[in-house]
Structures are given as C-alpha cells and as structure tokens.
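Down below are the structures I want you to see.
Same chain, two partners: chain A is paired with chain B first, then with chain C.
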Partner chain A sequence: MTRRIIFYSASLLLILAVCLVFSLCIGSVPIPPGDVIKALTGGGNARMAGIINEIRLPRALFAILVGGMLSLSGAILQALLKNPLVDPFITGISSGAAFGATCAIMAGASGLVAPSMAGAALAMFIVYRISISSKTLNVTRLLLGGVMMGSFFSSLIMLLNALFSKDLVKVVFWLMGDLSNIDAGLLPYGVAASLAAIIAAVYFANDLNIMTTGEDEAKSMGVKVEFIKALYFIIAGVLTAISVALSGVIGFVGLIVPHVVRAVTGPDMRIMVPCSFLAGALFLLASDTIARTVFLPSEIPVGVITGLIGVPVFIYFMMKGRA
Partner chain B sequence: MSGARPIKMSYTRDQAMFTGFSDSTYVILPENPLRVFKIFFNGAVFISFIFFAFILRAEIITDDMGRRVEVNTPVESIVSLSPADTEIIYWLGLESHLTAVSLNCDYPLAVRGLDRVGSFLNPDIEKIAAYKPDVVISGGGIQKKIMKKLEKFKIPVLVLYPRDIDKGMVKDMTIIGGLAGDFSNVKSRIKEYIRYLKDASAAPDARQFRVYMEIWGQPVMAVGGKSFINDELKLAGGKNIFAGSKIEYPKISPEEVVKLNPDVIILLYKPEKNFKDRPYFKLTKAGENNNIYVVEDPDSVLRAGPRIPAGVKQLRDILDRAADK
Partner chain C sequence: MNYFEAKNVGFSYGRGGFSIKNINFAMEPGETIAVIGPNGAGKSTLMKILARLTPGYSGEIFAEGKNIKAMDSAALARVISYIPQSSEHGFDFTVEEIVSMGRRPYTGPDGKLKPVDIAAVKGAIEEIGIYEKRKAKYNELSGGEKRMVLIARAMAQATPVIFMDEPMTYLDIHHQSMLMEAIVKMNNSGKSVLLISHGINLASEYSSRVAVMKGGEFAAFGTAKECVTENIIRDVYGFENFDIADNPRTGKPNVFIGPGNNPESAAPKIAEL
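Now for the complex of A and B:
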C-alpha cells in the first residue's frame, strides 16, 4: 500500500514539476527554460527574474495550492457524504464567502480575503449546527443544509446587488474566480493550512474508508464515527473557505478531479488524499496557464477553462465506466 | 397702431433643428376693438397653435443607439436613469423638469430630494410608468434592455451615452437641452463645458507620458482605446498603453503591463493599502520612479457627464506631478 501511495504521488509530483517549469516559461514575454532556472536560482536579467519570481511563480503556486485544496475538499466530501455529485461548493461555504466578499465590495473595502473568510466561517458554522440531530452529525442534513444555505446566501447576494447595483460587475467578476491579482504574502498561510489538512486527512483516512461501509459497522469496528465526521467536514470546509477567499469561486475542480483520480487509483482514501491534492493542483495550474496565455494580451476567467477541459475529460472517464 | 402687435419669435438655426421650425413664426396678440380683426387674429392664433402642436408632437430625436424616438416637446417631466445624464440635466439648468431619478444618481447634491425609480441596473418599470413621464433618459450598456419594456407603456426612451467627450457630449447635451424647448441657458452652458474642457487640457507641447490606467484590480481590468476615458487621458497629455485594445475595458494579463512598461500608472478606484507593492507595478518604470497614483474623485473621470473637465484636470495634475519628479 505504501508503495502504491509513493508511486502515484511521485509520478504526479514529477508531472507537476514539469508543468510548473513550462508554465513559468510562457506569458506576455516568452522566457526560455534556461533563463527560468537562472531566475529561480537568483541569477539572470533582473527584469526577467522579476517577472518569474514576482509574477509567474506566486501565481503558479497559488494555482497549485487552490487547485489542490478544492480537489482534496471535493474528494473528502464525496467520501463523507457518499454522494458522487458533491463538490466543495455544495456545502454553502463558497456562497458564504461570496456573501462576505460582496458586502466588502459594496462597502468599498479593497481587501476581500478577510471578509470572505468571515462569510465562509459563518456559513460553515450554520451548516454544521443545523446538521446535528440528537447529538450526531447527520450527513443527509449536511447535504441539504449546505444546499439551502448556499441558496440563501446567493439570494442575499442578489438582494444586495438589486439594492446597490453599482458594483454588480465587480461582484460578478469576483464570483467567476480569478488568479490574476493575488497577494503573494498569503501564500505561506495557505501552504501551512494545506499541509495540516493533508496530514490530518491521511492520518484518519482508514477510518473514513471503513465508514463508507456504513456508520454502524464502523462503530462496531471501533471507529469514533462522530469525531471522524466532524473532523473531515471541518477539514473540507476550511480548505474550501481558504481557496474561495484567495481566488473566488473556481468551478469543476472539486467535482471532476476526485472522480478522475478515483478511476485511476481506486477509492482508498489513503491514496485519494495525496493524489487528489496533487491532481487538482496539476489541473488548475494547467488551466490557469491556458487562461492567462491563449488570448494575450487579454485573459479569460480560469473557471471557463476548467469547465471546457474538465467536463470532456470527466465524460471520457465516465464513458469508460470507471468513474 | 394701437391694436395688433406682432411679436416675433425668432429661432436660431440650432434651435430650429430641435424644435422642428424651419423658419420664423409670428404669434399675433389681438387687442383690436374691431371684431372682424379680432376673429381674424383669434383664428390666426388658433391655427398657429395647431401648427405648433402638430410640429412639436412630431419631433423625432435620434439617440445614441441610432433609434429614432418620437418625443412630445417641450417636455414637462423627465425621468433619468443614468447618473451621467442626470448630471447633464442639472448642468443645463433643466432640473425643474426632472421628475425622478435612479438610486445611483448622487450628484449634484440637490438630486437627493428627488423621487427614486429603482437602480441603474434594475429600474422599477411600474413606478416609472406611474409617473407618465414625457421622456425617459437611460444610459448605455446593460440599460439598453430597459427601453423595450418601457416602450410597451408608450413611454419614449432616449438612450444617451456619449462615446466621446467633445462631439458626442455636445450632441447629447444639445438633445437634452432641446427637450425643454428653452434654449436661453443651454447654449452658454455647452460653451462653458467646452471651455472648461480646453482649460483642463494639457499644453500641446507637454511631455507625453505612456500611461497605464486600471479601472479595477480583481480581476485586473484596463481602460482600452474605445473608452471615452482614453480621450480624457489624451487631453490630459498622456498616451494610454492599451489604446490599441478594441474593448472598452479589457481584462488584461498583469504581465502585459510589465511588458508595455508604462511611465505612469493611474488607478481609477480605491485600492488596497499597499497597492504600490503589486509586482506588476513594481517592475515598470512607473514603479521604479514611484509614479503610481490614485485619482481622488473617480466619478468625475468615470462618468460621461459635465464633470469630465474636472476628471481631465485630475489626470493632468497627476501627469504634472510625474513630470516634476
């Protein structure tokens, strides 16, 4: 088992590294791979080094981070809720974040990360609270509650837009998800949160595996079912909240990537956790590279690309009958 | 003669264009004791009235979408749905004809007391219809859809959004000024606008900076060549690095800014605290020389209304500060 985890993870890491170097080479100013390596190691032309180290690298790392977080969150929620249609945004957390960001935009604030985190936390708390019935976390309620809270926050956003329509365009663009103007200073926090989430998720992965057979069976095998459910919901929620706060709502990653990974590795969460993170990272890095380079000097929203590439890939795997 | 005193109502050529008169008209006030004359003159007045009413009812105005709109002039009540058009109405001194405005109309301050008929993007059609205005003035872009709904209520809608700040603006000011049928003030106000615009402009021999103007940062959106803001910058003595873009406000790749390497960066919105540290700012000449500025009053730049000269002045002051460095 350990060998399989290492094999899949290492292969994905290798592909990710190649993709990263390629991504750093292309853009408004094409830079050959040799110069990219030079810039990364602190040498070369100052201007090129600036473009690589201050613009392209942080953005690529953000794509890796956000893609990984969304995909991992999706993989966890699909296993936890035993529903293949679930994606991170079904928990209502993204709508909560969007509501926070909308309020901030309307109020004329410019930093959107903190308000959207606050909105996400609020949504997560409410969904969690309404999902508890007779001291157990009811996953069906979690799903329904998430959808309901999502709709509720979306309605609030629409209400705000109807009342204060001046900033509608800004809100719409934020909702589309975007990595063009990121704050590189937030990167370390994102990395720390992701690492903590991965470690926790891998550590308890076997318990989650057992729980897919049914809660009663899992209980009889000594799994602390309530703890596991709460833990994984919080992990998935925090990952979603951070990624949405950093980059807006980027669709399809958290839905499609876990399915494709599962088709290759099987449903074992011990492999699924690291692999869905890496595959999501790879997928969003590739999508964002396409989004920012194909129509230069313009950019297109990355969500457009994740949908255009992700959906055909997903359908291919589904037709092969493995997803 | 003690009786009939012909009063000549003369029209200049410009006014004639908008009122439909092709020649001067005489309205004669009868004071003559002779009945026959009285009847004759009453008849003349009556006929003039019919003539007046007929001509004016049939006034056709071509708006900025190229639509030919029939408006009964002189109008008594106007509903304006666009903040820029509201400002133009006040500028021309026609506010007594303004019945209601949109929630977004916030300038000049006097506008606060007026009734509101929904927002710019989401006007309250029923409320507008209830006012039975003689004409509704709407802006461009997303607002264009509204006119179809209002036309069902037989309310004429003029879509007015100047696409450039001199000829287009004068055309729209003239259209709005013509609605009330009183030109005494309008002409001088238009001239005043043009004069202010000239005063705000940079000297032709001023240094031409290459400027990047950002209208929003999340995502990064620039001012393109088709926008009237591009013209404002031109008058202020700057050269827009995205003048070649065929989109008004293109969503651009931040790297493109580094590549085009502007001398000055101007933000048209309130940015985050440490906005000067954005990498794609720092890596330009503007970043190296600390020539990154935020306009103090974005509305005067962003609204195609009478405050454009103030907007141009703001841009010019910024460029002057850059030149002094």
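Now for the complex of A and C:
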C-alpha cells in the first residue's frame, strides 16, 4: 500500500514539476526553460526573474493550490456521499461563497476573499445543520440540503444582479472562475490549510473507505461513523470555501479529476487523497496555462477551459467504462 | 462467562410505533441461535439493536461481560461482527480490500495491515473458498459470491460473536451448504453465531437454539424440537395446511407446507384485476 501511494504520488509530482516549468516558460514573453530554472534559483536576468517570480510563479502556485483543493474536496465528497457524480459545488458552499462575493462586488468592496469565505461558512453551517437528523448526519439530507441551499443562494445572486445590474459583468466573470486577480499574500494560508486537510484526510482515509460500504457495516467494524462524517464534511467544505474565495467558481475539476484518478489508482482513499490533490493541481495548472496564453494578449476565464478539456476527457473515460 | 447476553431489551419507533419488547437470552460459546419469524416481526431491528447499530434501546446488552453501551467502538468490534442482509458498494473495491476492512478493529484508523492482519485476511479468504476471486471487483460478483465475501470479512474480524442477517439470501444450494459448513466450523472453534433466517427448516437443522419472533417479541425460544411445533408455527405464521416431520437423517423437525395457507392473497378475483 505505502509503495503504491509513493509510486503514484511521486509520478504525479514529477509530471507536475515538468508542467510547472513549462507553464512558466510560456506567456506574452516566451522564456527558455534554462532561464526559468535560473530565475527560480535566484539567478539570471533581473527582468526575466521579475516576470517569473512576481507574475507567473504566484499564479501557477495558485492554480496548483486551487486545483488540488477542489479535486481533493470532490474526491472526499464522492466517497462521503457514496455518489461518484457529486462535485464540491453540490454542497451549496460555493453558491454561499458566490453570494458573499456578489454582495461585496455590489457594495464596491475591493477584497472578495473575506466576504466569500463568510458566505461559504454561512452556507456550510446551514447545510450541516439541516442535515442533522436524530443526532446523526444524514448524507441524503446533506446532498438534498446542499442542492437546495445552492439554488437558494443562486436565486439571491440573480436577485441582486436584477436589482443592481451595473456590476453584472464582474459578477459573471467571478462566477466563471478566474485566476488572474490573485493576492500572493494569501498563498501561505492556502498551503497551510491544504497540508492540514491532506494530513487529516489521509490519516482517516481507511475509515472513509469502509464508510463507502455502508454506515452500519462501518459501525460494526469499529469506525466512529459520526466523527468521520463530520470531519470529512468540514475538510471538504473548508477546501471548497477557500478555493472559491481565492478564485471563484471553477467547475469540473472536483467532478472529473477524482473520476480519472480513481480509474487509474482504484477507489482506496489512502491513495486517492494525495493523488486527487496532485492530479487536480496538474489539471488546473495546465488549464490556466492554456487560458492565459491561447488568446494572447487577452485571456479567458479558466473555468471555460476546465469545462472544454474536462468534459471530453470524462466522456472518454466513461466510454471506456472506467468512470 | 457468556459471550453475549441481552437483558430485558426493548425499543420503540416513536410513540405508538412498532416496538421490540422483553428480549432476554444469553448465547453460550460455540452455539448458533437462529431467529425466525414472518416479515415485519422485528428480526432485523432486533439484530441492529443487539449490535449497537440502532441507539435508543432500553434494557442491557453485554458482550464478554461488559455493557456494550460503555464499550469503545473498536473494542465492541473485536467482540461482535455483523453481516447485513445486503451490501451494495458505490466504488470498485476488490475482494481482498473488502475482507481487509474486517481488520479495522485491530489496525486503527490508518488501516495499515501488520503481518498478523495479512495472515487473518488470507486465512479468511481461503477458509471461505474465494481465493480465486481475491483480486476480482466486489461489484462484479454474483449475489452469492458477494455474500461469501462479507462472511470472509466477518471471519477476518475474528470476533467471538458473529451476527448474520439473512445469510442465505442469494445463495444457491452449493453456497448454502458452504455457508452452513463455515458456521459449523465457527461453532467448533468456540464462536457464537446469531442468525436471522426465513428458512424455518434451515434454522431447525443448523442451530442449537431457535428464537421465534412475532410482533417484536420472542413467541418461543428453545431447541428446534421445542420451537418448531404445530401450535407455534400456526400461531406465528398463520398457516393451516402444513405438516411437521423429523428429518430422518438429522432427527430435526422440518415444516412441509401445502397450498391454501394464504387464502386472502391467493388468486385475485377477475373484478380486482
């Protein structure tokens, strides 16, 4: 088991590192890989180093972080809800975040991270609360409650848009997911949250595996079912909330990447947790690189690219009977 | 010391709802108790209560002399294993992975298998005769094979008490006989088995004692000879046209049912179609 985790994780890390260097090379100013390596290690031409270290690298790291968080959140929720069609946004948390961000945009606020986190926290609390039935977290209610709260917040967003349409474009772009307006100062917090989530998610991953076979069976094998449900809902919720707050609603990553990873590694969450994070990171880094370079000098929201790439990939896996 | 004991156990689904009442019994090491009774008698509910899967019961339940209410989840899972009526999985775990899950009470949350755990998993897989299927995906197995995998998982869990809810469901005659032999082996090694069965004759043949449930209570509890009687079968199942005779090979009572035992549900009248 440990050998399989290391093999898959190391392979993905290697591919991610190569993609990162490739991503840093391309842009409106092409930079050769040698210069990229020099810039990353503190040497080379100052102008090149400035482009790499201050513009491209933070953005690439954000793509890695957000992609990893969304994909891990999706993998966890699919296992928790025993439903491979679940994605992080089905919990209603992203709609809550979007509502918070929309309010802030309408109010003319500059920072969107805090309001969207507040919206996400509110949605998470409501969905969690309405999912509790007879002192247990009912996963069917979680799914239904998430869909309902998602619709409710979406209606509120549409209401705000109808009333104050002047900022409509800004809101729509935010909702499509965007990595072009990032605050590099937030990166360490995102990394810390991701690391904490990965460690907790890996430690209890076998219990989550057992839970996918049924709650009664998991209980009978000594799993503290209520603790595991609450823990993984919170982990998935926090990861979704942070990623949406940082970059808007980037679709398909949390649905498709866990599917593809599962088809390759099998469903064991002990492997799925690190590999979903790394594969999600890779997918969003590649998508964002395309989003910012294909239509130079303008760029398109990364959510458009994740959908355009992700859906055919997903259909391919589905046709091969592996998803 | 008894492995398992229920003292005056009761449970109710809300005010005026279905209830389980006055359940008292103890299981001796190495015996199999079969719970029989018609649908809706409360058999599965009772089993879930006894395995602490359904909270909110009254009375006391003891496993290895300890009140199960006060036991840690893993400690309880080292005494009682539970095989549900059916188990459908959303994800493609292999047979080996499913059976390995049975070692959870010994490994802790990370599920890392030590040599003793690997040996227990391998032993259970071989014992139950599914070695060739160990790398197969659980979801791609037949109903009977799935059932055998769940039994292997319970064997890997290595508990002195095993609960089985309708273990014969989906099993062909070959698998039924394999299962019954496995239960006999479990009993011979000192394990106690509590099983729910719709098959009165199977319960009579293979159990040490039979509990007959009706309306949430034990209508009868004792040996097959004491419980599989004309009066009890007539009272519990409402049958009229049946015979009871001893199996000449085992001496255990078997029920033989004739037609016309369910006049209300028999051939619908044309006007109702």
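Going forward, the second predicted complex is superposed on the first by the 323 of 323 C-alpha atoms of A that agree within 3 Å, B and C clash if a C-alpha of one lies under 4 Å from a C-alpha of the other, contacts with A are read in each partner's own complex, and residues count from 1 in each chain.
Following the convention adopted for this analysis, a contact is a pair of C-beta atoms (placed from the backbone, for glycine too) under 8 Å apart; a residue touches a chain by one contact, two chains touch by 3 or more.
Note that the structure is predicted; figures quoted are calculated from it, not measured.
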So, after the overlay on chain A, do chain B and chain C clash or fit? They fit
Comparing chain B and chain C in the superposed model, the one touching more of chain A is B
According to the stated criteria, A:206 is in contact with first (chain B), second (chain C), both, or neither; which is it?
second
Inquiry  = In the overlaid three-chain picture, which partner chain does A:45 touch, first (chain B) or second (chain C), both, or neither?
reply    = neither
Could you say whether A:1 touches chain B, chain C, both of them, or neither, answering first, second, both or neither?
second
Margin query: Just checking: does A:297 make contact with chain B only, chain C only, both, or neither of them? Give me first, second, both or neither.
Written below: first
Could you say whether A:140 touches chain B, chain C, both of them, or neither, answering first, second, both or neither? neither
Three-chain overlay: angle at chain A's Cα centre between chain B and chain C, nearest 10 degrees, stands at 140
Q | Which of chain B and chain C A:270 touches, first, second, both or neither | A | second
- Once the shared chain is lined up, is A:151 touching chain B (first), chain C (second), both, or neither of them? neither
The superposition places the nearest Cα atoms of chain B and chain C at a distance, in Å, of 39
Per the touch rule, the chain A residues reaching chain B in their complex are 27-29, 47, 50-51, 54-56, 58, 108, 110-112, 161-166, 168-170, 173-174, 178, 180-181, 184, 292-293, 296-301
Given the complex, residues on chain B that touch chain A span 103-104, 119-122, 216-221, 242, 245, 247, 250-256, 258-259, 270-273, 275, 278-280, 282-283
Per the touch rule, the chain A residues reaching chain C in their complex are 1-2, 79, 82-84, 203-207, 209-210, 212-214, 216-217, 219-224, 262, 266-268, 270
Residue positions on chain C within touch of chain A in the complex are 48, 51-53, 73-78, 80-82, 84, 87, 89-94, 97-98, 101-102, 104-105, 107, 109-113, 157, 163
